[in-house]
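Shared chain: chain A. Partners: chain B in the first complex, chain C in the second.
On to the complex of A and B.
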């Protein structure tokens, strides 16, 4: 009896491996597991201190350095990025719920301004990151990218890619609602 | 078996170093990026090879041409110049981009299993081998079996060999599984009816298509130039500007199309149709995003004319963008409802509705629809859903037919809908109206007569049916008097009203036309005999 078990051992191991591989494949195919989605290093850490020239007021600077009265969002966008156009309606809805700081990533100021005029401006402030330095600090690897930050300056969530109707209602709005509820408790 | 596995293993691993030769990396790094000091540059290259490009994900930043890789290379060099050592630079980037940025993952709590796997595999393998040896040793000195020295080898291998059935049986089962999976795959995805299309046989076809495309482009160019001239000659003519917009759109000249439409809109003092055309062009120019200006135009258009199809379609699109799938569905459903049956946009609207329904998690079956195809689908739906869907459809259809009673296909569709709803009287009524509307269609008349005959199974309404059949019969006779089917129906319905003489005449002239030995002829003769004199 013991003999036959060891004899089948490779087969059993293979079967286990095959099942694991099959589950992973099914999850990928069904879209549950997203292989292109990268883990973010910033989640749970304080925001990287960022100071950028303002797009709207040539004299002013936009500063992101931690604590604020309420949770806020940072959104990297660019006029040359098609998905950024796609998420404009979602950002307009979110702007009613939460303060959004925009960062124009590797974009010409006049193009960014035209973009905001065409697609609406959901941002309370807009910083210009022409060289993409701030993007490096935040670990941005493609626009649009969105971060939700707690009132005490900790990055809570990072979303790479456009916010569409789906994840607006399934992820963002519920998350922001729960943040607000937490704050009211305090 | 083991030898084969070992061979495969070695084969694969020996090939790995050559992989780089087969796919030579692109030389991504450019001259202006390089540092002046060759030692520092060497360090930078070394570091770049250890960092992953997060856009391409399976290339190092040294290999990648992506924008981000370029930035990261510059960042690495900037930090080298600032005096950071290699460890610090890697740690810095790891802090921002996570472990993922390192092509060689660090040894840590979360990567223990990854790094320990080879060692574990070695230990398990060694353990298995040792286990096998020990078993061999214990079974070797068979106590109560006398052994001849020459036989020892055989005895050993016998003792060592597994139960004889296991390996062949498992290989057999495996083989059968593979065969079954392959046939399933073939039956589901294989399309044997598709002929082979080797490229060599299609050169003529390809050049023909290319030529046609070229010609079409030239024609479009010509149309565009004419339209442009016309608009310059008659700058007050709205039509000229609209044709220019159309011609520009066909050539993909979006900016010019928008200008022409704006001019036309201005000239027309805000015509709603032109407004919605401009909104559509704006949407197209933004890759299908309904941008704020387009939304504004759509809203204005719908305020003035709530039935403008283009504006309705775009407003549905805008709702869908905002994630209001139900709203989009309602909007498009209304558009389908008010559109003529043969409107060219219906297919597109339905496709969009399917998408919206999928997103909203609504079953596409419950969408309003009018085509025959959906009617056929409806036959397979649950009785309740089907009835509800068809009832709403029938209501729209019959309303439209009241306005346009000459629509024979419409009456036929209505009749079939009533049949699916199991309302035979209404169905028959609709069939009669169809017969009236399509008086010149012989097939239609025969179809109507067939249905009347089937309805005549019911004794109570027999007389009524026979009377109703007279009009379609007369129409059919007017089209083709001696059609065998018409002769048969003529006899049948004449007999029902008791007109034996006409019935006999009809059937006898049919009998002459049938092959005398055929089964039909035999049956008909029997029926003729049954007719009372």
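On to the complex of A and C.
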């Protein structure tokens, strides 16, 4: 009998994995599961120089590099991503504090435009990354994902997942305030 | 004409046919009605043909750029070269799923043609009908490739230059041949559990499909890695990304299966284990197919994922993995014979091989899913990368290679073959002297030396085995050359592993890298060689303009070897830029140059690498795949006395 019990071990193992996957899936669907701060190989390194066609102005390009006057934020988003909707209010608040560049990740331009019309546009510029090529360069884990970058193009912070009220007040606003303080000292 | 509606209709036809393929033969078997149970074959043929027509109509829609089809409109463009219009049809979620289904149909058809009519065949076809049904339902209900768009746009949006790449286009079909091929092995395994007759005949049938799938999977993974190497411009060839891991796991399990099924074929032992491996390998292919589509794990390679699909996927997995494992729990205890082999026999070697491969599969599985589990229980977010895999996977593989050298020298059932002793002594001697030399002479890390020693150990043992079996110094070698194809296939595949390891070790241990920001005229050292940067030139291509860096490569004596011209391309029509690494590939190693940003005032950033023997990695993989294919051709039971050891 003992022998036949061992033959059920694979099933038991699979059941455990399946339950974990099911819970994760349910939480993702309900928006409860969040992917937030991730260790990133990029932090402390120069930003991957990125040039993307602009969503707003058909003739223009959006360039992300290290030749700016002030620190700025880069936010990967997509219209098909539910958590991106959730972070719209937080981005609107942040937009008053810091320049935000949006990157529409693997999205259709008309969908991105509709998304911005529906949920507000916190971005000074929006680049289109239809193929996810820029996402590949940046090592984007999933949308939404947010980076804070210094004026000379060093990645200071990476945040994966939506910015909610909690980390807006505990992480982002204090961090931006400290950046501004540093800049004024110089 | 081959309109999208016909494609859609054929999918529905295939769906109903595969439902019938489950019901009718099952009734036939229950009522012992042979005519009814043999309908399985005809139904499989019909649904295969319907799937082919369906896929053909999708390709046709891409070829003629029918932008009223949503999928075409979002993934193709009238100006794309024809070849990329065609390959573009599976460069997206819906189309690639259809490709998966079509390959399933292809394997079903081949299975009907190749195998002899028997109860095992009918049961296998019933299981395959179940797999086909689930996938067709998934495609039709959640990811319809033929959805129309009204009004149709004037042109499509998919003119992404980066994705117009032949390596990227061929990678999915190859990989899917592997994944889907494992579904046949899986179906035969389930059928074997149901009949309870898992014997030499069962193993002979299974081994063919496993070897075929394994070869395709090997080639598919190698193609993907090669693409990442030359196209992404990172200079690496394996990143332990969840998607890459998802293809490695079924490969490891299929490798275990490929070896254990031989034990069943020869000795009718390890029977229930082999069934478990067949279920595992296919389950992991399903995970590999779905991991990028479920929204469960995200990766840089993923298709735009949709968690709603995840629920459907979870149900498919429950059916395709949970049910078989339940059946396995009920039936496995009754299969196989008691073991009767010597401790140092071929059987022991193959059991070790399987344990090591299963442990390494687990290591990859844990590394891939650990972040998810940790997040659920503690909320902490981590990514598991190369450090974990280097520390956990490599040592286990090292032990595997240690035994991989000895296993083939052992004889079935009885023990160490006497004639193999010289091969082992020779290899051990060679390895020991190499270790001493390396320790004394070089500054290579201990792990590096261990890697070199193991590679040498494996290589020498294969050559030793070959030489001492053929004994070219004795008369009558012609007779001895007539070994079974499986023997040659094994040697080739195992030697492919040696070549692969050599490339992987050399390119990481002896790599030279230099990242510089330089002005025109600068001299840059790269290992023994020197490069001179002659500035950046604007050039025009057929539909793009470039910034091309002019680099001249000199050897250590100052002789000009070659020019390297890395580019940054800009496609005005699509308003996109791409980076083209300049790669000078030689058998001895690659020179790899990437042009970064910059201008003539502040200088340009250049990333330069020299990677010795890096192309051996893919040569080795190709050798392994060829070895697997060769082994298909002769059956193991045409036993040669040499294989028996005497």
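Definition applied: the second predicted complex is superposed on the first by the 148 of 186 C-alpha atoms of A that agree within 3 Å, B and C clash if a C-alpha of one lies under 4 Å from a C-alpha of the other, contacts with A are read in each partner's own complex, and residues count from 1 in each chain.
Basically, contacts are C-beta pairs under 8 Å (C-beta built on N, C-alpha and C of every residue); 3 or more make two chains touch, one makes a residue touch a chain.
Note that this is a predicted model, so its numbers are computed, not measured.
Undergrad: Report for A:97: first if it touches chain B alone, second if chain C alone, otherwise both or neither.
TA: A:97: touches no partner chain.
Undergrad: Which partner chains sit in contact with A:118 here, chain B, chain C, both or neither? Use first/second/both/neither.
TA: A:118: touches chain B, not chain C.
Undergrad: I'd like to know which partner A:7 touches here: chain B for first, chain C for second, both or neither.
TA: both
Undergrad: I'd like to know which partner A:18 touches here: chain B for first, chain C for second, both or neither.
TA: The second partner, chain C, only.
Undergrad: Between chain B (first) and chain C (second), which does A:89 come into contact with in this model arrangement: first, second, both, or neither?
TA: In the superposition, A:89 contacts chain B only.
Undergrad: Applying the document's definition of touch, where does A:165 land relative to chain B and chain C: first, second, both, or neither?
TA: first
Undergrad: Would you sort A:136 into first (chain B), second (chain C), both or neither based on which partner it touches?
TA: both
Undergrad: Which residues of chain A are in contact with chain B in one complex and with chain C in the other?
TA: Common to the two interfaces on chain A: residues 3-4, 7-8, 11, 36, 38-39, 106, 132, 135-136, 139, 141-142.
Undergrad: Give the list of chain B residues in touch with chain A in this complex.
TA: 54-55, 57, 67-68, 71-72, 75, 94-100, 128, 131-132, 135, 162-163, 166, 170, 286-287, 289, 291-293, 320-325, 359
Undergrad: State the interface residues of chain A toward chain B in the complex, per the touch definition above.
TA: 3-4, 6-9, 11, 36, 38-42, 48, 82, 85-86, 88-90, 93, 106, 118-120, 132, 135-139, 141-142, 164-166, 168-169
Undergrad: For chain A, which residues count as touching chain C in their complex?
TA: Listed in rising order, the residues of chain A that touch chain C are 3-4, 7-8, 10-11, 14-15, 17-18, 20-25, 27-29, 33, 35-39, 49, 51, 53, 61, 65, 78, 80, 106, 108-109, 130-133, 135-136, 139-142, 160.
Undergrad: Please name which positions on chain C make contact with chain A in the complex.
TA: My answer: residues 74, 157, 160, 162-163, 232, 272, 276, 279-280, 283, 294-296, 298, 300, 304, 306-308, 310-311, 314, 317-318, 321-322, 325-326, 328-330, 332-333, 369, 372-373, 375-376, 381-383, 574-578, 596-597.
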